[in-house]
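As structure tokens, here come the structures.
Both of the next two complexes hold chain A, though its partner changes from chain B to chain C.
Right, the complex of A and B next:
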């Protein structure tokens, strides 16, 4: 066990944005929420799964909705507490701890907010090790852990509790309900015992996010190349450096889809990159050849500062580095891979782990 | 005839223009009381031109004074904030992301009330006038009269902000109120931050603008005067007193617009070489390309659209070290005319090396004749290398583009820039920023979320364009000259009905007095 203070949150937020693979929403709002709660209620204990008893119950919380709306209609805070308490009431017993479902983006930090407010430990693990656009896209689903009972709550006090036959159905129902709630809401879901999570969850991801944040911060302070420092620290691969020459966006079935084109510079001169995204970055092609695909993480970083760039802020003329980070090994098991395979997103290509692509 | 003035941290520049012709120009040091520097610059350009003060039709002033006030934490008025949006937004109250020292100075007096809208125009909760009245009473009792009012999604619907302002005025008749919907875009914290800063700066703005007016009166200039905004457009003096935050970062914009005007180019890279830094920006269709990221002013996050510039520590006053060779980033800055060798000082600066190279004749060339020719060549090569790398950073393709060099330190550019199709040093390059102020137009913006299920995309675009155009006309633009200069559409994830955020900017010529 260790305590998370304000300074830890700063690093976690930056790392979470990298793990967000372009999505998961800018952690800025989440960072401020957690920071204020820690200032008011004190630091938050972070536990590893091993430090908890096997039959302890863990109840994850998250936010759901449109990132642009969230920047305007800031969360109430009480909505998350309400969702959490409702899930506990329905489960018939209290939770020992909370955790993140999605270590990428803002949902890495929401559990820390509730941890501070309720004096509750946060478990150092999550269900994705990155960000993905749909609720069933977790390694927990692949291990048979149900997202139901599922609770969503808005700032007004509306609370919806759902039981669905599959995690995919939860995704379907919640997506239409979140609209009525003004396109953002708090959710509590995937309650599981520590024993189940030891089998299924991706361990150490909050610490990983923090390590990424710390690496970037220290590299900048010592004027080292932050992109290279990051790749070295977490086993990432530099795919490309260049400038964004075009960004094409469209909304397909409620998702922000699109692609960005880049022209290489330096060692990548004369290369053309195409990056496809659906909320998160999905596949990268250089001169027509696939070079990295989901579920491996694809991050676009400002070429100078290595600040992660979200899909919504990709813009013509930005100078960026594109890196790939091998996904958590849990994603490479067949049941998990099927949930987030390039073919699920409509790309007719086999998944080849990025480190294998680089070896050949 | 128009006079353009640029009040920078170091110099106050002025130009007198007749249509497209520059009649006279001057550079004078900026004074602690900025009006004195302006008066001096104005009297110089008028005297040099030999015209009568009565022949001047307008004076356009660009100033960094208000940005500096926030950065330096000076002259700020304690300000209260009322936010309408309960029960949403509670966990992040106003000024939550301000540096502690600045929040303490401004007072941290903030209040949450019911109201606000959803992205689609529905109300978050019923607006409660009595609740706002009670808050207004508290603000009055705290002795505050500077107030910012924000409401969730007020760029979509600003009625709650307006109704609250009326209630506040009933209780505090002399209240100085800024509505967030008047100055910002979507992004509640950023827009609210800008509104609070605006109310903080209004007293200073009133004093400063009145000082400008007094300076003009003294010179018997009766023409109206205008202040430049960060997007390269103008606001009149009364509007500037109301919205001082809109001047933030107007300096780089003016210099790039001036470069476009002087060179006649609409698409180019602009290299503005000053005394300490060189700013590189990109002109697209005659306007600066804007930065994508949130912009910090004095440590506070705002979402103003600022020019995307890249700065390097290179200028006319840059210090030169020979072993190992180093140019900048340290600089003698505004003390160049005392400390540089050619001006009788004892510090080797970039300007001295350029004079020694023989391409310029400034000050006493004899004072640098002892410099080693190989050092001179090496420094000149290093300067060009620094500029070339910075220009390449800002380019969007390998295709060569024209590079326009402006600013007082332009003499530093003595060689070729790789990737430049041509290098243009237009006439009057040292005062491009004042020229940018002089030629500025007026504009208006629209930033809203449209549901493309209810409207076609074309109808939504038309609506946004006419809203932006109307705002430009209200700001003083000639309706016949209105041009849409920027359209941006961002489809919103997770929202069916094709909700799309549309941002439009319209610009037109100032109606002639």
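Right, the complex of A and C next:
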């Protein structure tokens, strides 16, 4: 166990936004919320799964919707508390801890915020090791853990509690409701015992996020190339450097969908990149050839600072680096891969792990 | 208190379908379900509100969706039981009785079905005295009774429990989910104490439905004109007799919407009628002039037998009588009228009580 203080939040938020693969929302807002909550209520204990009892119950929280919307509609935080309490009341037993369901600038931070407000520990693991756009897209689903009971709540005070026969059905119902909630809400879901999570969850994500954030911060301080330092630290691959020449983005069916076009520079001069996203970055093509796909992580970084750029922040003229990071190995097992395969998202391409593409 | 036996169900189902104003679903299916349940589990006690204690809790049940769909997707009944039990579990106290939320061939009968299966009394009242298409359209809403906690369940086993800040929000969320449920599901909602219902509900609807059914049955047996007998018994007005010349019907946004055109015969020769519906009949125009509108009841009856024709059964060539019946007086109070005014449904016309139209 260690305590998370205000000082830890900056690195976690930035690092989680790298892992978020363009999704999980902008780290800036999450950072402010969590720092304020820690200032007010004190530091938050971060436990590893091994430090908890096998039958302890963990209740993850997250935000849902189109990240684009959060930029204009800041979350007050009461919606997350309401969702969490409703799930706890329904479960009929207290939660020992909370955790994040996906890595991302906001969705790694929301559990820390709830931890501070409710005096609850956070577990150092998550359900994706990155971010994905749909509810059922977790390695927990592949291990048979139910997203139900699932709670969603908006800032008005509406609370919906769903028990569905599959995690895909939760996605269907909740997606159609979140649109009516203004494309953003708080959710509590996938409650599971520590024993289940030891089997299924991706461990150490908060600590990994913090390391990524620290790597970037220190590289900048020592005037080393932060993009290169990051790739070295986490086994990432530089796919591209260049300038964003066009962004097509729209809120469709409760998601932020679209694509960004880039024109290469330096070693990538004369190359054209196309990045497709649905809340998260899904596939990258250079001159029409796939070069990285889901479930491997695709991050867009500011060319100078290596600060992660989420999908809602992509805009014309930005100079960026695009990197790919091998996904957690759990995603490469068949049951998990089927949930997030490029073909699931409509791309007619096999999944080839990014490190294999770069080996050849 | 009196007991409802199989023999009572036929009259209730037919009479309730008249009150249903084209909605509340086909009486035939409901009749079969309730008769089978009574045969298996015994008769169902029907109580008036006065026979219950003021703090007894009543939990209504109903079906939701596009009635058109029920003709092809028969309800098994387990979805209603699931919805009812979920609401009871959430309320944390047992229900003393159930009741119907709207009058209609199915929706007057579903509570009797649940009563038989669960050994639970039914209260002789409802929330509309007719049927209306949207969740918030009850006189209960006008009296401040919440439709939340609201439960919806489909035949797959999905269960959604909603607590919304208004009954209109329940409509919004549940309507978007029922579409994913194949446009049909069971709901439990508007739980209220007997004291609240004495204030707000429309009393005696089951008994009124049974009287209407009996009137029609006896008129047919004695070879009297059943349409005239019905109008006399309940103060209805004959608007039209004729033949259906066209029906335009589609399932839109979880509703069966459309209109039927008719050509008059006999005293109505050379007149053209247009009947608009959204699950229920909303307005009738003859030669372009409004002649009856919501919230007054508009019923289409088979010209010979006076059997009610629900919106999903309207078809080309049918010979029908169209009648209007003054709505329950509760609907004419401003707060209630605003919920179901012709203008709410997009018709630019004032509401004039049908008996005033016919007085002039």
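Everything below uses one rule, namely that the second predicted complex is superposed on the first by the 352 of 360 C-alpha atoms of A that agree within 3 Å, B and C clash if a C-alpha of one lies under 4 Å from a C-alpha of the other, contacts with A are read in each partner's own complex, and residues count from 1 in each chain.
Everything below uses one rule, namely that contacts are C-beta pairs under 8 Å (C-beta built on N, C-alpha and C of every residue); 3 or more make two chains touch, one makes a residue touch a chain.
It should be emphasised that the depicted structure is a prediction, and the values quoted were computed from it without experimental measurement.
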{"item": "Partner chain in contact with A:177 - chain B first, chain C second, else both or neither", "value": "second"}
{"item": "Contacts of A:224 with chain B and chain C, given as first, second, both or neither", "value": "neither"}
{"item": "Which of chain B and chain C A:243 touches, first, second, both or neither", "value": "first"}
{"item": "Contacts of A:33 with chain B and chain C, given as first, second, both or neither", "value": "first"}
{"item": "Partner chain in contact with A:165 - chain B first, chain C second, else both or neither", "value": "second"}
{"item": "Partner chain(s) touched by A:2 [first = chain B, second = chain C, both, neither]", "value": "neither"}
{"item": "Which of chain B and chain C A:263 touches, first, second, both or neither", "value": "first"}
{"item": "Shared chain A surface residues [contacts with chain B and with chain C]", "value": "156-157, 176, 179"}
{"item": "Complex contact set, residues of chain A against chain B", "value": "29, 32-33, 36-37, 64-69, 71-78, 113, 133, 155-157, 175-176, 178-179, 182-183, 243, 245, 249-251, 253-256, 263, 265, 269, 279, 312-313, 315-319"}
{"item": "Chain C - residues contacting chain A, complex", "value": "156-165, 169, 172-173, 176-177, 179-180"}
{"item": "Residue ranges of chain B in contact with chain A within the complex", "value": "85, 87-92, 96-97, 116, 118-120, 122, 124-125, 152-153, 186-189, 282, 289, 292-293, 308, 392-398, 449, 489-496, 498-501"}
